[in-house]
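Structures incoming, each one as structure tokens.
Shared between the two complexes below is chain A, which pairs with chain B and chain C, respectively.
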Partner chain A sequence: MRLLPFAYAVRNLGRSPSRLFLSVAGAAMVVLLILVAGGFVNGMSRALRATGGEHNVILMGAGSEESVERSEIEAGVPGVLAASVAGVRTRAGVAYVSPEVHVMLPVRVGAAARTTTQSSGEQAAAAQGSNTASMSKPKGRQVMMRGVTPTAALVHESVSLTEGRWPVSGADEVLVGRMAATVLGVAEIDVQVGKAVMIDGRPWEVVGRFSAPGTVVEAEVWLPLADLMTATKRETISCVVLTLDPYNEETGEGADFGDIAAFTKTRPDLELVPMTEREYYGKLANFFGPIKIVAWVTAGLIAVGGLFGGLNTMYAAFASRIRELGTLQSIGYRRLAIVWSMIQESTLATAAGGLIACAVGVFMLDGLAVRFSMGAFGLMIDETVIGLGLLTGLALGVVGALPPAIRCLKPTIPVALKAV
Partner chain B sequence: MTTNHTNHRTNSSGPPLIQCRRLTKTYKKGDNTITPLQELDLDVPTGDFLALMGPSGSGKTTLLNLIAGIDRPSGGNLIIGGTDISTLSRSKLADWRSVNVGYVFQLYNLVPVLTAYENVELPLLLHSMSAKDRHEKVQTAMQLVGIADRHDHYPRQLSGGQEQRVAIARAIVTDPTIIVGDEPTGDLDQESAQAIMDLMVQLCEDLGKTLIIVTHDAKSAAYAKRTLHLEKGRLIEAAVLAARRAPLVPQEA
Partner chain C sequence: MKTAKMNVTGAVRAMSLAAMLLGGAAGLGVFTPAAAMAQVKSVADVKTMLKPELPANALEITAAMKSAKVGETITVRGNVAMSKDAFVENRSMFTLVDESTRKGCCPPSDTLPDTACDIPAEGRATVQIVDANGRPLRAGLNGQHGLKPGAEVFLTAKVETANGNDALVLTAVSMHVPKAPLPSGFFVEKLPETAKDVSEARKAGTLKVGDEVVLRGRVGGSKEPFVAGRAVFTLMGRDLKACNENPDDKCSKPWDYCCETKTDILANSVTVQVVDAKGQILRTDMKGRRGLKELSEMVVVGKVASADGKAVVINATAVHAAQ
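Our next item is the complex of A and B:
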């Protein structure tokens, strides 16, 4: 079968700039949405997956496996674990055992913090006066606070201090993650080193910032374990995170998860449940599964809506040249060759839209921080998502052209030649 | 008065190029069946120039479309160059058209996004040939119709007469056996129409093509070697036509 020249399809695009714009913009919007949905699902999955260390085991209180925030362990347990569990990684005499408290607390920064500070001062000065100011104070945003000891820096290998220093216990100092500003809904400048954040009604100074690329930890605020326990009036910790040295069959050193599980069974008095850190965050990822499905379904529905819009635009484009289609057939071009040319035309427009969307996705959306209940993560628009976006663009072109093309080629040649 | 099975066969020695036998075309329009062409017999020898005339709805365009292979008969046979095209599949018929027929339309029907050169080249893309051969054929066709200097012009940049010349070049570029024209001068002024008819006659004679046109214009029909009149899907005898045209003579008492 002989095809129509490619130039015919290309030049047909220029016949109606407004239609071309609609086709390109419509396809770009649909593809962009697919990229956002894909980037969202990808980013969330990666953040939760990457958060768990490969050799880390998290020990929580029995019955609290679903959420570390609800977990409670006696404060002395980390010492027992360090002394009793063989195979825990040790460097320079320091065991990789990190006792931690995880708690969501409202945090205020910037204008919100200043308002609160000011209103507290006014209240003190007015002594028993009107409490209008305090009633109108803005609520802070919930942020995951992690009370840690310096061993946390050993256990969580992805965490690295990028600015400032480690907080000193008892000095009301905190470390903030790279994405904390996103979670707090403030500018980066508001959580710079030297700034204050309001936690539990009093200011805490930001003394350092850390990054943990691609993990939800980046959205957290870290502070000394003892300080957080005091601030939250708790005597127990939430969990203990251990890093194991992988078991070596030749030397017989190291441990694996089974060893930890066996230990917790031999010490029921500690009421511990072990879980690999990856398994824990994997379960959290499953918890967010429905959100991912909703993201895809929403994107899919809007894509279908976009497809109908595209069908309408392409039908208008093809219907305006039915006589020309009849002429091409009278010359000897087969219907299939003409349909192919129409698909080329439509696909060129939607592919252009797809490419524009991909450029926007890569240069403007990739890494864009998104808040969610666990903290924040960056949209992850990788090769797979880009490929999916481009495929969607191409599919929009093909599927959007076929029905209008078939409909416009339905009349017999003599009828088509009479078309206005 | 019309005739059924009117014999419009030629007496040439070889078989005629086009043979219509009891050629019928019907189609449905709502609940009604329309018969624009009814059991028509017609022979057209190679090199003939035939003009089809008749009132609107007489079936002349239907006959032209059937001969051009862009429509299919409902009954009878249509043998062109030894091939019964009424039996060809849709795709085979498309291939047959690309080799055997050049169509000239009243409104030129050029592709607006292609230049004059590209419009003329369009039918050649259906044939296997080198780009050089294709270029030579396009050049020759455009020179023959006198628009060699309009290669890069788009249809919107050409006059009606020039557009029709491009359309004629497109029709002859593949060296088809038959050239058909549906009111080829219908949209042109008198001067341009005359020039186009002169050109078509010249091409018909020089290239030995068989030319069939549908026209309402007696001046254009006068260029043809033969003129056939249709009415209600049937050919009318020349004698009947002459009688109709004869002035009425009042009878003396």
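Our next item is the complex of A and C:
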């Protein structure tokens, strides 16, 4: 079969610059949407998956397995665990056992924070609401607060202090994660070291910042365990996170999840449920499954809309060329060769749109922070998502060209040659 | 057009033929576990046959001996014979013996008897691991993948030879080798006398550390009363009803007694564990052994390891699966 030259398809694209622009822009929009949906799903899954440490076990109150925020266990449990369970990792005599309180609290920044730079008397007044002008403007947002002791830095290996220092208990000091500003809906400068955030109606100074790349922890605010327990008026903790030394079958040293599960069975009075940290965050990821599906369905529906728009454009483009197509047939080109050329023409336009969208996705959207109920995560536009975007661009070209091409080639050659 | 139609018809025919071939292959068992055995080319590949989960309802060898039929796939439990000839040299074959034949026969590994021939034939099975040609691998298995004299083995295997009396040759399909075997004779057939219900014993409040006890109860008390990979579980007394005993209860895990308060569950339960000489809980599953599952009724013989008024832990020395 004799094919039409590739240059024919390329030159045809330039016949109507406005139509070309519409085709490219339309395809770019659809592909961009696919990239956003893919990046969203990817980013959320990865953030939740990466949050759990490989050898970490989380112990929660029985019956609260689905949410650590609802969990309550006695404050003495970490001590019992450290003393009773063999195989917990230790360094310089310190056991990797981190008692923690997890709670969502409203946090305010901005104008309220500026009151901390005033005198202490003014601070108290601001906290009590007398400085209404500065207090009413900023709106509090729910942020995951984690009450911790210094051992939290041992068990959460992905967390590293990037700026400032660890907060001191009793001094109303906090650490903020790298993505806390996104969750709070403020500029980075508002949560810099030295600034203040309003928690529980009083200012807390930001004394440090931390990062935990690719995890939801980055969107949290950490503060001393005792301070958070006082602020929330609770005597129990939410959970204990501990790190195990991997079990060595030859030496019999170390421990695995089964040892912790067995411990909880032999101490039913403590009412504990163990779960690997990965399993816990994996379950949370499943909880957000419907949201991911909605993201894909939305992207799919808009892609279908884009496809129909593309079909319309292609119908218009090809319908005006019925006589030209008849001529090509009369000089010996087979219908299949003409269809192939039309697909080339359409695919060139949509692929260009796809490439533009991918460039925008990689350079402008990748890593873009998105807020969700657990905190925040970055859009993750990796090679899989890019591949999907490019495939969508190509598919738009092929599927968008076929129906109009078939319709335009349906008339017999004499009819096509007489077409107006 | 005619050519196109012929092409379509040809394609449909080809697809139908392929489907029939696939179906036939499945019917002949090409895709069954037997086919998976063909993947084993060396002793290292035996690892692919090891399953992390303990298979439920494994037969003891003596019982399997009576019912096994050539060609069928069965699951048996036994121990590698405690003798020097338990493993065939340079061949992936070993002798699995019934637990009952092991009583009083556990010498240290350096003084193993030369042969396991003194073990009655009806309590022995020969296990082989074969290559794609159906021949045993040309390498010994002693010390490989946890297999050693005395090791407990749960084996899913195809019966090669069986006469219902004294010959059982099995070709392994998959195996589960617990990290630690249960003590010999741990499961007893005869119901221990003077068994007290767990609730009764807990209510009396007389359980003290070191007391010898015989307790009867049902496995339950939480969503997961067994611990995977550890010989520990919780036993509930009869004073509390499992959720499925309440009318109209549709609880998917009735053994968690979620209809009872945590205090009542704690007051009517004991934790049962099986420990080694060092007091460490054995690294083996209890679920699945002798059909044990949630809400199974059991009688446990053992010693009170801890009793602090809230929780009671029993070190079990024998167990009778009542139901």
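Everything below uses one rule, namely that the second predicted complex is superposed on the first by the 392 of 420 C-alpha atoms of A that agree within 3 Å, B and C clash if a C-alpha of one lies under 4 Å from a C-alpha of the other, contacts with A are read in each partner's own complex, and residues count from 1 in each chain.
By definition in this document, a contact is a pair of C-beta atoms (placed from the backbone, for glycine too) under 8 Å apart; a residue touches a chain by one contact, two chains touch by 3 or more.
This is a predicted model, so every value here is computed, not measured.
Trainee: After the superposition on A, what does A:268 contact: first (chain B), second (chain C), both or neither?
Mentor: Second partner only.
Trainee: Between chain B and chain C, whom does A:384 touch in the aligned arrangement: first, second, both, or neither?
Mentor: neither
Trainee: One more residue to check, A:15. First (chain B), second (chain C), both or neither?
Mentor: Only chain B is touched by A:15; chain C is not.
Trainee: On the superposed three-chain arrangement, identify whether chain B or chain C touches more chain A residues.
Mentor: B
Trainee: Who does A:329 touch here: chain B (first), chain C (second), both, or neither?
Mentor: first
Trainee: Residues on chain A in contact with chain B in one complex and with chain C in the other?
Mentor: Touching chain B in the first complex and chain C in the second, no residue of chain A appears in both lists.
Trainee: For the complex, give me every residue of chain B touching chain A.
Mentor: 61-62, 65, 68, 70-71, 90-91, 94-95, 97-99, 103, 105, 107, 109, 111-114, 118, 122-123, 125-127, 170
Trainee: What residues of chain A sit close enough to touch chain C in their complex?
Mentor: Counting only chain A, the residues touching chain C are 62-63, 249, 256, 258-259, 261-262, 265-269, 271.
Trainee: Quick one: which bits of chain A touch chain B in the complex? Just the residue numbers, please.
Mentor: Within the complex, chain A touches chain B at residues 2, 4-5, 7-8, 11-12, 14-15, 323-324, 327-335, 412-414, 417.
Trainee: Please name which positions on chain C make contact with chain A in the complex.
Mentor: Those residues of chain C that touch chain A are 179, 221-222, 224, 227-230, 232-234, 262, 265-266, 269, 271, 273, 281, 283, 306, 308, 310-311, 313.
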